[in-house]
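I have a structure I would like to understand better, so I am pasting it below and will then ask my questions one at a time.
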Amino acid sequence: MFYHNKKLQYFKPPEKPDAVYAMKIQELIGGTFGEMTVMMQYLFQGWNCRGPAKYRDLLLDTGTEEIGHIEMLATTIAHLLDKAPLRLQEEGARDAVVGAVMGGSKPGDVINDVIAAAMNPQHAIVSGLGATPSDSVGYPWNGRFIVSSGNLLADFRSNLHAESQGRLQAVRLYEMTNDRGVKDTLSFMIARDTMHQNQWLAAIEDLESSGLETTPVPSSFPLDLEKREFAYQFWNHSEGTESAEGRWAKGPSMDGKGEFEYVAQPQPLGPEPEPPQTPIQLHGTPKTQQQQKTQGNGSSAPPLVESVTVKNPEV
Amino acid sequence: MFYHNKKLQYFKPPEKPDAVYAMKIQELIGGTFGEMTVMMQYLFQGWNCRGPAKYRDLLLDTGTEEIGHIEMLATTIAHLLDKAPLRLQEEGARDAVVGAVMGGSKPGDVINDVIAAAMNPQHAIVSGLGATPSDSVGYPWNGRFIVSSGNLLADFRSNLHAESQGRLQAVRLYEMTNDRGVKDTLSFMIARDTMHQNQWLAAIEDLESSGLETTPVPSSFPLDLEKREFAYQFWNHSEGTESAEGRWAKGPSMDGKGEFEYVAQPQPLGPEPEPPQTPIQLHGTPKTQQQQKTQGNGSSAPPLVESVTVKNPEV
Amino acid sequence: MFYHNKKLQYFKPPEKPDAVYAMKIQELIGGTFGEMTVMMQYLFQGWNCRGPAKYRDLLLDTGTEEIGHIEMLATTIAHLLDKAPLRLQEEGARDAVVGAVMGGSKPGDVINDVIAAAMNPQHAIVSGLGATPSDSVGYPWNGRFIVSSGNLLADFRSNLHAESQGRLQAVRLYEMTNDRGVKDTLSFMIARDTMHQNQWLAAIEDLESSGLETTPVPSSFPLDLEKREFAYQFWNHSEGTESAEGRWAKGPSMDGKGEFEYVAQPQPLGPEPEPPQTPIQLHGTPKTQQQQKTQGNGSSAPPLVESVTVKNPEV
Amino acid sequence: MFYHNKKLQYFKPPEKPDAVYAMKIQELIGGTFGEMTVMMQYLFQGWNCRGPAKYRDLLLDTGTEEIGHIEMLATTIAHLLDKAPLRLQEEGARDAVVGAVMGGSKPGDVINDVIAAAMNPQHAIVSGLGATPSDSVGYPWNGRFIVSSGNLLADFRSNLHAESQGRLQAVRLYEMTNDRGVKDTLSFMIARDTMHQNQWLAAIEDLESSGLETTPVPSSFPLDLEKREFAYQFWNHSEGTESAEGRWAKGPSMDGKGEFEYVAQPQPLGPEPEPPQTPIQLHGTPKTQQQQKTQGNGSSAPPLVESVTVKNPEV
Amino acid sequence: MFYHNKKLQYFKPPEKPDAVYAMKIQELIGGTFGEMTVMMQYLFQGWNCRGPAKYRDLLLDTGTEEIGHIEMLATTIAHLLDKAPLRLQEEGARDAVVGAVMGGSKPGDVINDVIAAAMNPQHAIVSGLGATPSDSVGYPWNGRFIVSSGNLLADFRSNLHAESQGRLQAVRLYEMTNDRGVKDTLSFMIARDTMHQNQWLAAIEDLESSGLETTPVPSSFPLDLEKREFAYQFWNHSEGTESAEGRWAKGPSMDGKGEFEYVAQPQPLGPEPEPPQTPIQLHGTPKTQQQQKTQGNGSSAPPLVESVTVKNPEV
Amino acid sequence: MFYHNKKLQYFKPPEKPDAVYAMKIQELIGGTFGEMTVMMQYLFQGWNCRGPAKYRDLLLDTGTEEIGHIEMLATTIAHLLDKAPLRLQEEGARDAVVGAVMGGSKPGDVINDVIAAAMNPQHAIVSGLGATPSDSVGYPWNGRFIVSSGNLLADFRSNLHAESQGRLQAVRLYEMTNDRGVKDTLSFMIARDTMHQNQWLAAIEDLESSGLETTPVPSSFPLDLEKREFAYQFWNHSEGTESAEGRWAKGPSMDGKGEFEYVAQPQPLGPEPEPPQTPIQLHGTPKTQQQQKTQGNGSSAPPLVESVTVKNPEV
């Protein structure tokens, strides 16, 4: 069960409105690696967690914090959208600007038209200058953005990756504005991303040292059930061998259970595929016309293929 | 530019058809962590790579291998869908089975009805017993499943997470069948996933030891631009403290640049939000009726808010 | 900023597992009118609210409650998925059942196969028997399911509709199970939906009596700017007139500002459309070949249509 | 069965082209609350209607009218896209403009570049300057935008909400242009939205007075099956009590069947969740390593969990 | 503007309910090639048509007919969903059946459980046994399923392909049932698909013989602007040459403007790609550490890359 | 199995960067008819092909070529995004430009702001100036864009339509730039599209002359099973008869099996629909209140509708 405190976790108001930047910073709310993703991912992982209580609590604490991050960004966006220009200027108004240019004013006023044309139209039409649950091109957040697998090592790696992409995007947005208010708020969020990257690295170490999970995920699957001879080979699928120069091409494998091997000219191990013919009732194109013909008058007559497992249905 | 060898990288045919399992194994083709994802993710990362040539080659070699994995799975699915029952049996036919039961046959024959009812209908109607670019519930693969950021540490972590979830899912599907052919093919793919988990761990080590990237991602962002005082705090957003027991709650941070701190009772640092009022032209609900009234007759008359940046437009 | 209490708002465990029902009840988490929808809708409306503080608080209180509803349902689903059958039984096993039938046992054992075939495969493969952010057919929740417009009357009506569809769906799921644990948990949620329907009806009355908003939404738009002569006409677009029998066909309009009128044989008021010809550079099919020909050699030569607003660019 | 009249229900041509506005007005065709939504929603509700004939006819008449609304908007968009600038001007051309500025012409000519850059690219590349079935950011309309539940009170409330959001958006678009042709066409559509809001309010009154449906939806569910003690409580999930000031916090409930109650400090009524452990075959992380170990060698050996309902399968 | 006739274009009621088949036949309403697709595709093509009036009328006539096809299918689905079993039977009930088996009744009664488990849950929970705007796996129809390009030859080919896939799917569904009512209704729809395939073939001939469009689409693009030397080559991207045996590998090209040529061992004509380095502000991984270092302290200081076209911004 | 050659099939670098055009040309990668579509469509059709080997090889050769087309376009986009302006200029900087105007410089410098505002924000934030698997409005490619039906005539027609729309879009993009590098690369791709249109026309002729498939698709369905009397009628669903003037309205049908007929005033052949009442457990609105009342107290008591096929379950 959840509670709300009316104050924000952190916030500095933007110095001035910027409706185009409001559109861009939506990436941090509803993008693939936005706050909706980490919030939902950590909450679902926590709710589904069957592991030790400390991991469940870790996940739910962090997921709960992330709800408040959406709140901070939504507030930022409301300020950035303040006074957003809602339509292109009249030709007459633009002429006036031209006159002004001659008298000393600035052609840069066309910037209002740029903003009116390029801002996310839904910020005006749909949300009335509020944040939306979508990314910087207006694509809505969706549930396939998150994963909760029940295997904590797999999931902590997912969390680490989400925080890495997330901090990268926050940093890029930091670079894409000069507004000191926005930069201040982002510098708090970037710091929290630093913590969360460290946190999931720590959680991985904690989990691996507990012996519950190791590489390869899932470690509870007996290794002798996989084809071990292919478990440490790098297959070079191109004509050059630059890929032979890395750590992955030779030396002991990272899981300590094998030795990397570089296969410079890999060859197929399987046959050419021969998918079975489809039944006439599905009207796919067969291999030869003969087959088609003998089936030609049969569509209504012959029984459908009835059985998967039974060899002699007439018994 | 790409070339095709008509043979499969590896393949064992299923022992017998199983249309329901065909539906399930679609997860490995078109699911969030299926082969379409790793193929497209590695190819786009390779095409977009500005880093050292060995990383670009690594990415494109592996992406090229994954195209062949879809091919293997598509062939497997074609075999699993062979002779799929396309409709429920007639009542009369089912009665015959009943008679047979009395005479020694098996009520299990209803299994054909189960399969006809539960298989993915699009395997019959849309693809004519072929594989489709969708997951185990028929949801289509889409481009938001992948990421290519240009930051190789962020991306290698994404790749590690994809291979972790991917191997976990392949293992689960291995457990969900007794078909020795399918299990054999999967045991090859699981081994390749073992390699790929090791490979991305090795690529991370390779990249970090090269000095090009370190934690936190992106490491090229000056740390003094983030609010350092919050960069190593764990905020406990719940009433209990199980989350205090982990590696992430105390001790040196994983990046070696700070010390973890546990904040047991975190308090908000920001104010209550006060989003600015929206212009009357957007017809949002204002704080007080007064405001609404004074604007009441204005919709067609007053000029729109025109300017974001200019203070004195009439100059 | 948000906090988490580790206890559930309400909960009774299911009496026994039922993986097929687990799939169905996902509709209440990630469906169009599931808890993710109401949670996100109320939170975004609250964050974007510029109206009186009591409405903002109303929205955020209720949105915060709904996070806990997802938590309750996720827990219910974890219990329903317990011991889910992960694959069809072996033929041999089924034969054993057959023998048992002869000896007095039950053919209903095939029910395990039914469940293994019909349950959501992603509950096993992707989430490891945990809830997912998707609906009863596995389609992911997405941000287009919610609305936050800034106009509170429009939004409260959206909330009323969401709670109406939501309670209807919860009631249908109540009818679709005999499990007393599930029914008990649902009877709590259905009661909350009763409150929320009443609550939004009350909020609408509260808002309308405050004078801030009335029908038609948005009431701040001057009515004389719409074509009033068509604002209360019912157009009968079919050959019969059953639709003339309702309250909407005659009498004073609901907003008290007009009189309903029934137009039995409506005629078009506009002309036939004549979309303008497209420029040759877009290679659409023109009205006549002549036009095409004169443009035929021009594609690389003539300047593109350059200007929208300027009549004499060469001046 | 349907018929087409080649004339439009209503139409005034735009005064001049405006490709950016063409992009924005797409919201009224393919947006969440656009004409495709109301058309499809009313038609499906009509086709699925089992209630009195007058409601079915009401729904199909209105749905049929809405098809024509898409037609009007598509025609409007074709005119707005006329002569759309398809690429940025040459540097040379721009220099010429500069010279002209010096001689008295206008820097506003850059507006063509603004439009070429900001218009929906698919209006040129995909549709050849025609309307598309998508919203103002190019996101396609989809079937989850509509609902047809079979419960007419639930559905009429959905219709009322759709027309409220729809009229709000049409009004906003009216405010976002000065084109008298577009404004005229919109003022017709806004008037129809006024009718449709009134119409669904009337249909709700008609339905409720018929006794077929009342609040709470669905009214045919016996109230004693829900937990009545929670059916009129407002839970205050935050530290302040602004939410206590509204109609929803005290007094008789809107359905006349209870009394609102304000719970200032709500406490959880349920236990901490304890999701059951997952079977080893799914390789989730268990609570303790011990469990994992004893299962460690079992993956291929022990039988899968077979049964949901049968206690003694070996009988 | 559109009108509705309350009678169906054609209809025979199903002989008996079949909720699983109701799920499958949804493919013909909301699938990629269902009636919603052809209806919307023809209407949008008609509304956007700038070609001769006969084509516009052809498109709108056929699009209007297709609305009625959805109506027929929705009615069929309502009948198929009649009396749909809404939950699995009680264990007790199933035991009774078992007893009955011993006494002469049928184990096939489990078929109700099969249907209750495998039918589309949304047919019960969401639509109350009505049709939905989605396909046979519950995925919603969306606007990207259709195309309206303004080039009639391109679009008529799209229509031909849609009717080909559509008739194929209708035929498969015809084969997947024994219900004479359903088969009768489908045999009408299949006949209409025959007409529509013929119709689009005729429209293509009509259009090509008019001289407005020919192969290759778009024919108004001067052929000398494409690299003619590659316009008739077949590139063999695999090691075998089965693909040399077809009509496409030799002889005059279909457009009569060239000669097919088979390139057995195609070689790349371009260089290795060298994407330019990204600016430090985007924090991508550079080619060498050196570069990264020199940029290391600059993130806040140096100006962003400012200009695309201007060489000397300081002038 | 697949191999990669590090060189591009063809490539000319763009003359200069153009971030807005980079956004637009994404349509050719991830749009409905982009290279991802043809690549995936041909590969899946090839993998699923049961027809003669030459068709399978044709499909896989062409699909393999298309992978390389994505590679070419991704490289083009990387060059176009070079030096993309990442934020609007400072007001001060813009003032400096103004001063420059007075001194002879150009107001066109605002073009950088236009580009910074209108480019796809994800090209900066998400991909770090690399290509993405999405279209020109940022919508991701998805698996529903392709079809592989197993019927080769249906599929070759799909391929012909894809190449027609694809070439049309490539030509439009050719017209929308003056960059000679981009135009050169596109002129290669347009030539390949010319080949591919010819190729699928040739494949259709090859297939039809082989006797394996003819019109109407699927030709293996006995024609006497469709309602032949409606198989060649054109139904005029509007009040005018422009549609009577085309090849489809009279004369022999294209399949040579019938005669076109024009039905000027088509009438419905079916009855008014009467969908059956839904069970009380789904709480839909019934036809009359009476029905509702008798069911009123029953919700928990009476058994659910149990059986679809069994008339006397108590026997």
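Worth a mention:
Residue numbering begins at 1 within each chain, and the chains themselves are lettered A, B, C, D, E and F in the order written.
Convention: a residue touches a chain if its C-beta (ideal position, glycine included) is under 8 Å from a C-beta of that chain, and two chains touch if they have at least 3 such contacts.
In this text, all values refer to a predicted model and were calculated from it rather than measured experimentally.
Contact with chain C and chain F alike is made by A, B, D, E. Between chain A and chain E, the least number of touch steps comes to 1. Between the chain pairs A-B and D-E, more C-beta pairs are in contact across A-B.
Chain B and chain E have Cα centroids separated by 24 Å. One inter-chain figure worth recording: chain E and chain F are separated by 7 Å, centre to centre, where each centre is the mean of the chain's CA atoms. Counting partner chains per residue, chain A has residues 1-9, 18, 32, 47-48, 55, 57, 60-61, 64-65, 71, 75, 78, 86-87, 91, 101, 105, 107, 110-111, 114-115, 117-118, 124, 126, 128-130, 137-140, 142, 144, 147, 149-151, 153, 168, 171-172, 175-176, 218, 221, 225, 237-238, 240, 268, 273, 275-276, 278, 281-284, 299, 304, 309 touching two or more of them. Interface residues of chain C, counted against chain E in their complex, comprise 18, 20-21, 23-24, 27, 31-32, 101, 104-108, 110-111, 114-115, 117-118, 135-139, 169, 172-173, 175-178, 237-240, 268, 273, 275-278, 280, 282-289, 292, 295-297, 299-300. Those residues of chain F whose C-beta lies close enough to touch chain B in the complex are 1-9, 30, 36, 40, 43-44, 47-48, 57, 60-61, 64-65, 67-68, 70-71, 74-75, 78, 91, 126-134, 140-144, 146-151, 309.
Here chain A touches chain D in the complex through residues 1-6, 47-52, 55, 86-88, 90-91, 94-95, 97-98, 101, 107, 110, 113-114, 116-118, 120-122, 124-126, 128, 137-140, 149-153, 207, 210-213, 218, 220-222, 225, going by the rule given at the top.
The touching residues of chain E, counted against chain A in their complex, run 168, 171-172, 175-176, 281-283, 299, 304.
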